[in-house]
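Pasting a structure here, questions to come.
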Amino acid sequence: MPRKRLYRSKKKLGQVPGSVIYTGERSKDKLFIETFDYNKDYVFEKELPTVEDTFKFKFTDSVTWINLNGLNHVASIEKLGTHFGLHPLVLEDIVNIAQRPKIDEYEGYIFVVLKMLYYDTKQNIVSEQVSFILGSNYVFSFQESEGDVFDTIRERIRLAKGRIRTMQADYLLYALMDAIVDHYFSIVEVLGDKIEDFETAVFEGQTKDDASKNIQDLKREVLRLRRAIFPLKEVLNRIDRNENNLIQKKTITYFSDIADHLTQVTENIEIYREMTWSLMDMYMTTISNKMNEVMKVLTIMASIFIPLTFIAGIYGMNFENIPELHYKNAYFIVWGIMILIVLGMLYYFKKKKWL
Amino acid sequence: MPRKRLYRSKKKLGQVPGSVIYTGERSKDKLFIETFDYNKDYVFEKELPTVEDTFKFKFTDSVTWINLNGLNHVASIEKLGTHFGLHPLVLEDIVNIAQRPKIDEYEGYIFVVLKMLYYDTKQNIVSEQVSFILGSNYVFSFQESEGDVFDTIRERIRLAKGRIRTMQADYLLYALMDAIVDHYFSIVEVLGDKIEDFETAVFEGQTKDDASKNIQDLKREVLRLRRAIFPLKEVLNRIDRNENNLIQKKTITYFSDIADHLTQVTENIEIYREMTWSLMDMYMTTISNKMNEVMKVLTIMASIFIPLTFIAGIYGMNFENIPELHYKNAYFIVWGIMILIVLGMLYYFKKKKWL
Amino acid sequence: MPRKRLYRSKKKLGQVPGSVIYTGERSKDKLFIETFDYNKDYVFEKELPTVEDTFKFKFTDSVTWINLNGLNHVASIEKLGTHFGLHPLVLEDIVNIAQRPKIDEYEGYIFVVLKMLYYDTKQNIVSEQVSFILGSNYVFSFQESEGDVFDTIRERIRLAKGRIRTMQADYLLYALMDAIVDHYFSIVEVLGDKIEDFETAVFEGQTKDDASKNIQDLKREVLRLRRAIFPLKEVLNRIDRNENNLIQKKTITYFSDIADHLTQVTENIEIYREMTWSLMDMYMTTISNKMNEVMKVLTIMASIFIPLTFIAGIYGMNFENIPELHYKNAYFIVWGIMILIVLGMLYYFKKKKWL
Amino acid sequence: MPRKRLYRSKKKLGQVPGSVIYTGERSKDKLFIETFDYNKDYVFEKELPTVEDTFKFKFTDSVTWINLNGLNHVASIEKLGTHFGLHPLVLEDIVNIAQRPKIDEYEGYIFVVLKMLYYDTKQNIVSEQVSFILGSNYVFSFQESEGDVFDTIRERIRLAKGRIRTMQADYLLYALMDAIVDHYFSIVEVLGDKIEDFETAVFEGQTKDDASKNIQDLKREVLRLRRAIFPLKEVLNRIDRNENNLIQKKTITYFSDIADHLTQVTENIEIYREMTWSLMDMYMTTISNKMNEVMKVLTIMASIFIPLTFIAGIYGMNFENIPELHYKNAYFIVWGIMILIVLGMLYYFKKKKWL
Amino acid sequence: MPRKRLYRSKKKLGQVPGSVIYTGERSKDKLFIETFDYNKDYVFEKELPTVEDTFKFKFTDSVTWINLNGLNHVASIEKLGTHFGLHPLVLEDIVNIAQRPKIDEYEGYIFVVLKMLYYDTKQNIVSEQVSFILGSNYVFSFQESEGDVFDTIRERIRLAKGRIRTMQADYLLYALMDAIVDHYFSIVEVLGDKIEDFETAVFEGQTKDDASKNIQDLKREVLRLRRAIFPLKEVLNRIDRNENNLIQKKTITYFSDIADHLTQVTENIEIYREMTWSLMDMYMTTISNKMNEVMKVLTIMASIFIPLTFIAGIYGMNFENIPELHYKNAYFIVWGIMILIVLGMLYYFKKKKWL
């Protein structure tokens, strides 16, 4: 994840609590409000031009999903909040995109924050904050910009696939959260592939000297993924223990199913975490193995030629009286001795398995 | 474990919850339904051609075990589910073989998922999902394909060995789960042998350069084994605290016995985990010891011959006035000095315990 | 953090418990008492010359914030304590600046200690203790010296920004604590930058031999930051569970918001902690990589020239009968052989990717 | 501990639960039943030939200790179980010597399993399983073979030392368990000595290349010791919380005393565990230090002689015109220069503290 | 801490529980009983010759502190125990100096054990066991020998400093425990200095080869300190939750204050623990850095002179036809080439930052 995303909340330092201030970077995106209103028998789908158009859905009998894109339009969000009676801290949290996943229960509605994760074009994990308000007959979803993982939900509402049209707003919230958590699987899978590919590269010695930097980056990626996903466990636990009548008993079974999926995701992340932590050791042994090989070449070369050079040196001395110099075949005998020495050394290194 | 097994659930992304979709790979296996119906006095065993044939066992007084192999036959499983009143999420979980071990209590039945582990022909651990439905008078078991660890149970039912024929369906569930957990012992034992053999190989320096890769693979195997087995603890704890009248008080004693066995298995896994984590350090010291040996050979060779070569070089100089050159026995004296130097060096290295 | 700050409490050893003894070092700072008294309609702000001037605020209906700077003026603090009925241990803790963050509930008031963190001019983290007393209609804050992070609060009181003027003393306590915790974000951010810069330096090999010392210092800094911040979690948890009527139910929502921020801060600290712990490994691989490079240069040089020198030595021997010496082009042929050897070696090293 | 002891339970795979099958190796040991029957005023001690002789002690008023050695005599143990109304799973656990320490409460009796540890003649820790049945007026103890740590208990019963003769069966159970736990101290002490001796050996470089193997073995020994001892904590906690009237309130004080001792033992094991884990690092630095020394010798030798050899080489050249060759004292001047170079090098190495 | 202190309890193996056996080494110290009897208005201080003299304080209205030094006088301690109705296990624990810190509540009194720590003359941490009995109107303290940290308490009783003379026995116990815990600060501070000094020494390379041994010793010291101090947390927690009327509600505030101090101490110990664990890594990098330096010297020397020696070797060959030998300035040209090679190498090493 790019470094700058970690501190977006900085912009807010020293502000009055409850100030509704957008902390993201997409300040020029236009507002886009998408509405689905449905019950068992009919479905109404429309793009609404202004937030005021959503007000009429407050007291209908049908289930309404209002999906608002463009957190920079804080004035509109505040109007919405006032009409539907949302707490100022909730509005502040919706537009402060550095929230961690959480659930807050208020009188008459539940506020849920979580992270939608996807890979950008450079294969960096991008984390986009999605907030939900679950009221008795409506779900609001707030996103920074268009583009999400909810297309299957839209399809199911339109075509009345599955039981979504026969259920209440709490089931809609479940379906939206489930879509986000399901998408985590593919994120974790890509991460896993990255780690295993890197492992293979390290093992095959195809890494550059920047391997330790890459490992450190992988570690950081795993840690941030953990941070984005793990708090959601607590959110789902609190829904499980929920006594609020906004989430019905029979829907809780479905939320438990998300919790199961999340546990699978987090267990995989933990495995990848341990694997990543081991990578540095693995890389270290690779370096040491390489050095061993370098040292062996040096030792073999030096051990073979140093004694030979010594012998040549002996008979290069200028003493007047060196009897061997005058033997006829001395030169060839010396060559013979040298070859014997080389063979002896080679045999020794072979036995030591250095060759 | 082969890598691809981790992500089978991917196939399901974006599906309506409660969709009964088989996520495995054995899509061509045929359906095989095995039935045991018994009480104290009689036993009936038959292979049933269709799921409809199982419907009659819903209201009998005897205990019925229906063992269904072939999760790809989702239509049959849905029929079964409808007749016996199973929740759509249960059916979804039965055929989604990427579930983690869990227990879910529903009105009138209990749903248990666990992993049957065995080694395939290549000595890789294979994990096959087995689901159980415990009703008041029946147990359903669902497996991906034929071949399991239940043969001793079949024998005990046929021959009325032990107390199985005198007990209810909850005892049957116990017996089936016990058979699976008992088999874990042999899995863990094989893993332990692998680790200890590898340890010996590392220690004896018989490893290739791929040792760090092998260690990483062992770590991953231990982590996945943990993930397949550990959640079962929670399942057994929940049975222990059970207040559902489907599992009788006197049978809970037996389930506690499984919990004891499981704790033994998990403690062994934890020991192997710590051992595996230490292997990399052990391998590292082996590499360093080898390098030490290489360096010693180089140092000994170089330290002995470099001074000798220097002496030879001295008397190879062409100065007009080198008095030693003219002494009659100079050559032999130089040899003597050289031999003394070698002996001195050897003594020094001996004292340092390098030889 | 400078080493000496850890043990300030030493000065107190062997004192009677409840002794109000200042343990800091700024013993010459003058007393500075700042007061804000306000309600919805009016605000009164003044610097008070003596503590006695604060006594009159004990029974007013308005909210009073008394900010006392100068913990060395123990006599004044004791007078204040006596008038407002504070426990001797509370007074002792206010002036003992080695307290860890905590909350103590007493009859009629709540005592909170936390740490205000900032960077001094040398980029060392300085931790200054701030204590709060929350009574029914007043908040006392005690600081070692002037200069704090409360300017935005002062502004909000003066200008009635946000809801502060319409709320009670518990909201004022919230606002003050929130200002401190908000400031932690920038501290952690600077630390994060330090660590990432150091990481880059290590990776680029720009570190001196003191890198391991620096890493150890970074570790210590992270550990001390943890120690200053983490206990605050427990403080906020206890406010959450609070049944004391000094903190109203509707204000607890705000304190939960601080808890959320704190969790973000502590999660970042944990990430930096793991990153810092990994730095030593990363540094180690850098050293090993450097040594590998050194060894390669040595091995290449030695492997190329040692055989050549041997050949030169051969033909420097003084045997009477060395036939090659008399061939006309022998010298040039030997040069040719040598060049071939060099090329062969270079090819070999190229193939091994050592060049 | 020898490897084979870990998997003794294997023999049992696929058996009917409740099958009383001995899983140990001492299948030829004869049955040995020792009885103590006592109250305040009298004591009766006898070796009983058959289990039937124990039946009469079921309804006496005195306290009876029946110590049965020889778990291979399963038929006798089953007879005993039937007469005293023991659950089949209890009998199974008594003779399955791979149990982990545990306590199970049944109607009318309590079943306790723990491990008696001692060193065999080869200084390996041997773990022998001891089971206890505490009834209202009797304690059964089951051991694999004769030889135990209960001699002091026998003595105390015979001579009425301490309060044992005035207390009930629960105190007898306490005394027996206390004897076992007390013996753990000496086991842990021997282990501690082993570790500290090994530490000294590593530090003094007296280890062979198998040090890393030895460290791994020490780790395994500590882990298995932990596994044998730690679960006993839970056993004692459950006795502490006990509401069963088999263990009286005043005796619980004594069991708390065992718990205290056990905590001391486990804390020591934890310390030894951390020490053992550090040993590998310590060994690693030893290896590196050795290599450093080897490298220094090589570097010193090479750095001194390589330049000298070069100078000798210069004046070994055969150029016609080398003026120095003809100077009268050139040879001696060259020697002087060489000696200066050596002294310079030595000074340099001295300054670097390599000598 | 010296090794032998760990196993003192060995002496007791096989003894009857409740045997009052001194396990320390100071068996020749004489008995020393110091008494303070006081209330608001008077104070009586005396050294008592025998334990019998303490009996009269059992039923007084004043607060009595009886400080008994000399645990080897077991007979006297047993007499005291009998008179004041202490449980045999309490007496056993008082004289068994290998107890871990704990609190036991009995009918009519509370028994507390903790460790007084100080440095002996060789800068080793010595841990002396101090036990307290808190009755309704008295506190007994038991020490191995004279010399303690209670002088400030004595002074406060004599001079009625603070509130000690106006409070009950529970406050006296608090004051004594507070004195011991306060002293921990200085112990931990000395340890911290030791670690930081060692860190500096390692960093500056001033360590001998025994550094890894020293680090191991530091680790052990930290672990034992932890073991002596951490259990006290649990003791203080239990006093906090206390419902016994021996410790009054208003005194519990004071005990919470000790708990705060203890948490500060334990947090520091944890920081030192992490620092100590990092030391080995730091030492390792120091070794590697040294080796790098050694290798660089070797490589530079060898890389410079090996090519030069080769050139000299070339012109030392005895071929008849080497044209260069006859050129007039060949010798000087060769020198020029050699100097160029040296400069080139130096430039290369400079660029690589090896010089």
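For this structure, a couple of remarks:
Letters A, B, C, D and E mark the chains in the order given here, with residues in each chain numbered from 1 onward.
Convention: a contact is a pair of C-beta atoms (placed from the backbone, for glycine too) under 8 Å apart; a residue touches a chain by one contact, two chains touch by 3 or more.
Computed from a predicted structure; not experimentally measured.
Number of steps on the shortest path from chain D to chain E, with steps defined by chain touch: 1.
Counting hops only between chains that touch, chain B reaches chain C in a minimum of 2.
Here the CA centre of chain A is 26 Å from the CA centre of chain C. Spacing of chain C relative to chain D, judged by their CA centroids, is 43 angstrom. Residue numbers of chain E whose C-beta contacts span two or more other chains: 281, 284, 288, 291, 295, 298, 302, 306, 309, 313, 316-318, 322. Interchain contacts close the chains into one ring where each touches exactly two others, per the touch definition above. From chain D, with the walk directed at chain E, the chains encountered around the ring are D, E, C, A, B. Those residues of chain E whose C-beta lies close enough to touch chain D in the complex are 3, 6-7, 9-10, 12-19, 87, 89, 98-100, 102, 104, 209-213, 215-216, 219-220, 223-224, 227, 280-281, 283-284, 287-288, 290-291, 294-295, 297-298, 301-302, 305-306, 308-309, 312-313, 315-318, 322, 324-326, 328-331, 334. By the touch rule above, chain E contacts chain C in their complex via residues 151-152, 156, 161-164, 174-175, 178-179, 182-183, 185-186, 189, 192, 196, 199, 203, 253-254, 256-257, 260, 263-264, 267-268, 271, 274-275, 278, 281-282, 284-286, 288-289, 291-292, 295-296, 298-299, 302-303, 306-307, 309-310, 313-314, 316-323, 354.
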